[in-house]
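Next come two complexes, and both contain chain A; in the first it sits with chain B, in the second with chain C.
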Partner chain A sequence: MSNILQSDLFGKVRATVLYATLLLVTFLICFPLLWSLSTSLKPTTEIFATPPTLVPEEYSLEQYKSLIQGKDMYFVPGTKYRPKTSPPQHFLAWFANSTIVTFGSTVISVVISTLAAYSLTRFRYWGRRFIPYFSLLGYMLPSIIFVFPLFLVMVELGLTNNLWSLVLGYVSITLPFCMWLMWAFFRGIPVELEEAALIDGASRLRVFIEIVLPMAMPGIIAAAIFSMIVSWNDYLFARIFINSIQQLPLTVGVMHFFEGVHVNWGLMMASAVMMTLPLAALFMVIQRHLVAGFGAGAVKG
Partner chain B sequence: MEVSLEKVSKSFGSLEAVKDIDLSIREREFVTLLGPSGCGKTTLLRMIAGLEKVTSGSIYFGDKLVNNLRPGDRDVAMVFQNYALYPHFNVARNIGYGLKVRGAPKSEIERRVREVARILEIEGLLERKPRQLSGGQRQRVALGRAIVRDPFLFLMDEPLSNLDAKLRVSMRAELKRFHMRLNTTTIYVTHDQLEAMTMSDKIAVINDGVLQQFSTPQEVYNRPTNVFVAGFIGNPPMNLLNGTLTHENGPALKFGPARQTLPPATHPIVSKCPEGKRLILGIRPQDISLSEAAASANLVGKVWLVELVGSEKLVDLACGEDIQLMAEVKAEQNFSVDQTVGVQFNPSRIHLFDPESGIAMRD
Partner chain C sequence: MPRGHSYSGLSDRQVGILFIVPFLVTAVVFIAYPVAQAVLMAFYSINPLRPGDATFVGLDNFYYLFDDSLFWDSFIQATVWTLSSIALQTVLGVALALLLHVPLRGISVFRGLLLFPYIVPTVVIALIWRWMFNPEIGIVNHSLMSSGLIEENVYWLSTPTIAMASTVMLNVWKYTPFVIICVLAKLQTIPLELYDAAKVDGAGVWQRFRDITLPQLKEVLVVVVIFRTIWTFNKFEEIYLLTKGGPGTSTFNLAIYSFEQSIANLRMGVGAATAVIMMGVLLVGSILYLRVFRFAEEES
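Take a look at the complex of A and B:
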């Protein structure tokens, strides 16, 4: 009897400790996110309040408004004078740049890697066995090694300070891994399915579109997500390839909120939230596919 | 329409998978390509389907050379070993895909799919996805996909090998009935001789990419053309004994001290052979009888294993130093291990082979 009670008690203690630890870890992980969300919703006057407030005393969309409409830093009430000391806000342009570049590089990367991987798994030619491993090796080199040679290439192509330089740059880092992922995925799709469709009378292209692509969808989604994360979060390439403020993507653009010695934390945090939202939303929608895709790649690769 | 293969060969790099195969399959025939795994039978089937290019030789459907025709243009249907059902389509779409690709109107597709589903008794499954089906049901869907297009030729690549033993037997009978009903020419690949024997009009035995024999099941069983066919067909396999020919007191083969008189039917052939020529004697376990009276027999063996297989017993025998035999006897006959028995071959069932070429010696 006492034994049962003891084990019951032990179970309760164990569960409590377990959940407390989990809560703590979750809180630690989420804290920066919560903090930036909270800061972005405070009016400027509350941001530096002592003691700091985690939950804003007063909610305000002031930071977001400034982010989008521009902010007059040294605006003096009652005068029309707006000194040029403050940079005009380019947040929307940066956001658009990031979106275009991410979308462009992801589409190119996924299309090329899918076709390349399909070819590697289904046709016989020299090198088809080692190319996938070789390409993975390329992905393992740090991108700082590529960035300067690539910059010189962009100069030659006349693409510096152009969004295309970023699109191509990101494709060059994401393509090898995407191709390897798709290669692993295609290897798991039995070739008999395609042969059955060929005998059913479908053309190669039709087989690819109607039979192969639907089955490869989890892999394609995983590859796309990977490519999006890399492109959306890149700082290095954008810092080096782009030099006009209007052409910057978000990552480098928001660094302009470090105004000399003064850091505009309100704008910084609001942009952080705005940057996180699109990818977070995307994750929530397709995380099921993401897990399936990575799982399949891992097991069969 | 006839299917003819003329000197068809296939190489993968330096590996010759199929060598110079000639085969002529008549309309409505059920032909089995039988051989051990890796013998090239599947490659041959895939070449007929158009999934594999022919390295040399010609394949004709009727008078038409089809070597360079795409699989979809050959009017053949294939059932794969793993069924190859499209996992993202339901059963109805799986069956109807070939019709859809060929541009059949929707109502027509629906009608044909329903009809085939009725024949195969899978009407209740049309909305299901392949992963929700059992092995036997998948098999039927794969069959349905082949039947629905009403092709002139069915190609089947070990379609029963993924089913459990019991289902395999019933599907075997069902496939045979379908063939009798549809009367479509069928080429069936298997390594299971029982499937080949029970279903086929003709069997093509293949080994190492070479066609060994192409004839009816009875013929393949009763008159194997060479040592390979003799040893491959029949269960348990035929006993093959190395002996030396002697003409003393009539033609006979000597195995060490033992002597086996050869039946009159073989005399015209063996009389042309010189004394002392080495020959292989083939005798099926079913054609050996054992007696307890060892003394009067001309071949004596020692029992070293008795296995009961239902209505029969398989008896392993050692006759002298290096001759091992298997005999099949009625289950009622009792033999014990280490017993000495007399061994009698049914003389009319003796096969003779040339040890160098392996070819059966007949006139």
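Take a look at the complex of A and C:
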């Protein structure tokens, strides 16, 4: 009896210590994000207050408003807009560009890699064994080696300063890994069901769409998530490929805020929050898959 | 015979081969061709503003690199940056994964929160870091000052050694979750019987970790460390967005060196030669990776 009580007490102490450690670690790791959220919700006067307030004393959407509408200081009435003053009024355009580019490259990358991986695992021809390994090597190449020659390719295709150059650029960095992921995935799907349908007279295309795709969904989701994260986060490609301010994605656009003499930290933190939100929403939906599928795939791959 | 034939006029095998064509075309035009170009560019003198008139210079770009002390500094800094980031990530990653593996109520919430940094865009982290570590108005200096740990403001991003430490911190913050994800996935597959048996034998917590958990994790850790090393060695954005390689050149790694040579010094050939050297380092890494992978397969 006393033994059980003891172990019960021990269990409680242990749980308390563990929770305390978890809370501390989580607080430290999440602090940068909380701090940026807190800063972005303060009025400008409170941002620079000493001592700094952890939780805003006064909540305000001032920062977000000036991010989306632009601020008076950036316009001098009656004159043209001054290019060096980091115009936040492009924020919505940048946001749209990032969304379009991320969506486009993800769709292309996933479609191409799914088709290719299916072909590699179901048909026999020369090269089917080394293509997946070759594509893994592609994934390990540093993007710095791509970016300049790829830029010259875009020049030849007439796509510079065009969102298509980014879509194709991101396809080039996400495709190898998506391909690897889908290849590993298709190898795990048994072929018997397909073969039965084929013998019954269904066409290959029909089998692919009606039987294979539904089974491949978890793999497709993992590849899409990977592709979205990479495309949404890229800075280097956009920095080299795009040179007009309206065509920029968020990553490069937002860094323009640093160019003026005066750095507007409130604006900066509001844009940090806005850039994180879409991925945060995605993350909440896919968190479970991340550990189960993506982690295992990455380790085994 | 499948009915599909009649209208498409393609045999089943032809359809199958057609499926891989988009991949091959894309891979050749947007991956293989640029890489081949980059390798070629390493033997030319090219001004990015006039890419048309390039002159063949043989190995001159490589000689230039070997004579440039900044290249070697960048190489060393890249190595220091990579090794310290990887060491910290691995140790922290394993520790946190073990912590997150404990079956407690609400543990999945903690898991979610601790994995979150992995998906935060690098630009966002750089923005937040520059705000938090701002010497005059940043929260970090303020907290350290008011708790009496420092006497005067620390210039986190403009003192050479501390700037390096700050970039390492950013990298560790962002990528430790990757290690956690991989280790956690593996921990979930270790049979609990192993621990029960050890408990019966009277093994303590540390002994169980050393004799059961660590050997089981070995394989995953080898792979994770190689992957992370390769990626970290080539990182560009993490450093560029936080310090632009500065102060001076104290946080240059090879990717930044290559970028600066190409863009600021207009020596695209030298930049390409740097990238070729990086690729060589990478290839060795990849071969190493495949060796380890095969080795692990044979063992199991």
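Of note:
As a convention for this text, the second predicted complex is superposed on the first by the 258 of 301 C-alpha atoms of A that agree within 3 Å, B and C clash if a C-alpha of one lies under 4 Å from a C-alpha of the other, contacts with A are read in each partner's own complex, and residues count from 1 in each chain.
In this section, a residue touches a chain if its C-beta (ideal position, glycine included) is under 8 Å from a C-beta of that chain, and two chains touch if they have at least 3 such contacts.
Just so it is clear, the structure is predicted and the values come from calculations on it, not from any experiment.
In the superposed pair of complexes, A:198 makes contact with chain B and with chain C alike.
Legend: residue contacts after superposition of the two complexes on their common chain; A:251 is shown touching chain C, with no touch to chain B.
In the superposed model, A:242 lies in contact with neither chain B nor chain C. When the two complexes are superposed, the chain touching more residues of chain A, out of chain B and chain C, is C. By the document's definition of touching, neither partner reaches A:224: not chain B, not chain C.
Of the two partner chains, chain C is the only one that A:233 touches; chain B does not reach it. Once the two complexes are laid over each other on the shared chain, residue contacts for A:206 go to chain B and to chain C alike. When the two structures are aligned on the shared chain, A:215 is found in touch with chain B, with no touch to chain C. Residue contacts after overlaying the shared chain place A:163 against neither chain B nor chain C. In the superposition on chain A, contact of A:39 is made with chain C only, not with chain B. Shared interface residues of chain A (contacting chain B in one complex, chain C in the other): 198, 201-203, 206.
The touching residues of chain A, counted against chain B in their complex, run 190, 192-193, 195-203, 206, 211, 214-215. Listing the residues of chain B that touch chain A in their complex gives 49-51, 70-74, 76-78, 80-82, 84-88, 97-98, 101-102, 145, 149.
Those residues of chain A that touch chain C in the shared complex are 15, 18-19, 21-22, 25-26, 29-30, 32-33, 35-36, 39, 48, 50-52, 111-113, 115-116, 118-120, 122-123, 125, 131, 133, 135-138, 140-146, 148-150, 152-153, 155, 168-169, 171-172, 175-176, 179, 198, 201-206, 229, 232-233, 235-236, 250-251, 254-255, 265, 268-269, 271-272, 275-276, 279-280, 282-284, 287, 290-292, 294-296, 298-299.
Chain contact summary for the complex, chain C toward chain A: residues 2-5, 8, 12-13, 15-17, 19-20, 22-24, 26-27, 29-31, 33-35, 37-38, 41, 48, 51, 96, 99, 102, 104, 110-117, 119-125, 127-129, 131-132, 134, 137, 139, 142, 146, 173, 181-182, 184-186, 220, 223-224, 227, 230, 234, 236-237, 240-241, 255, 258-259, 262, 268, 271-272, 275-276, 278-279, 282-283, 285-286, 290.
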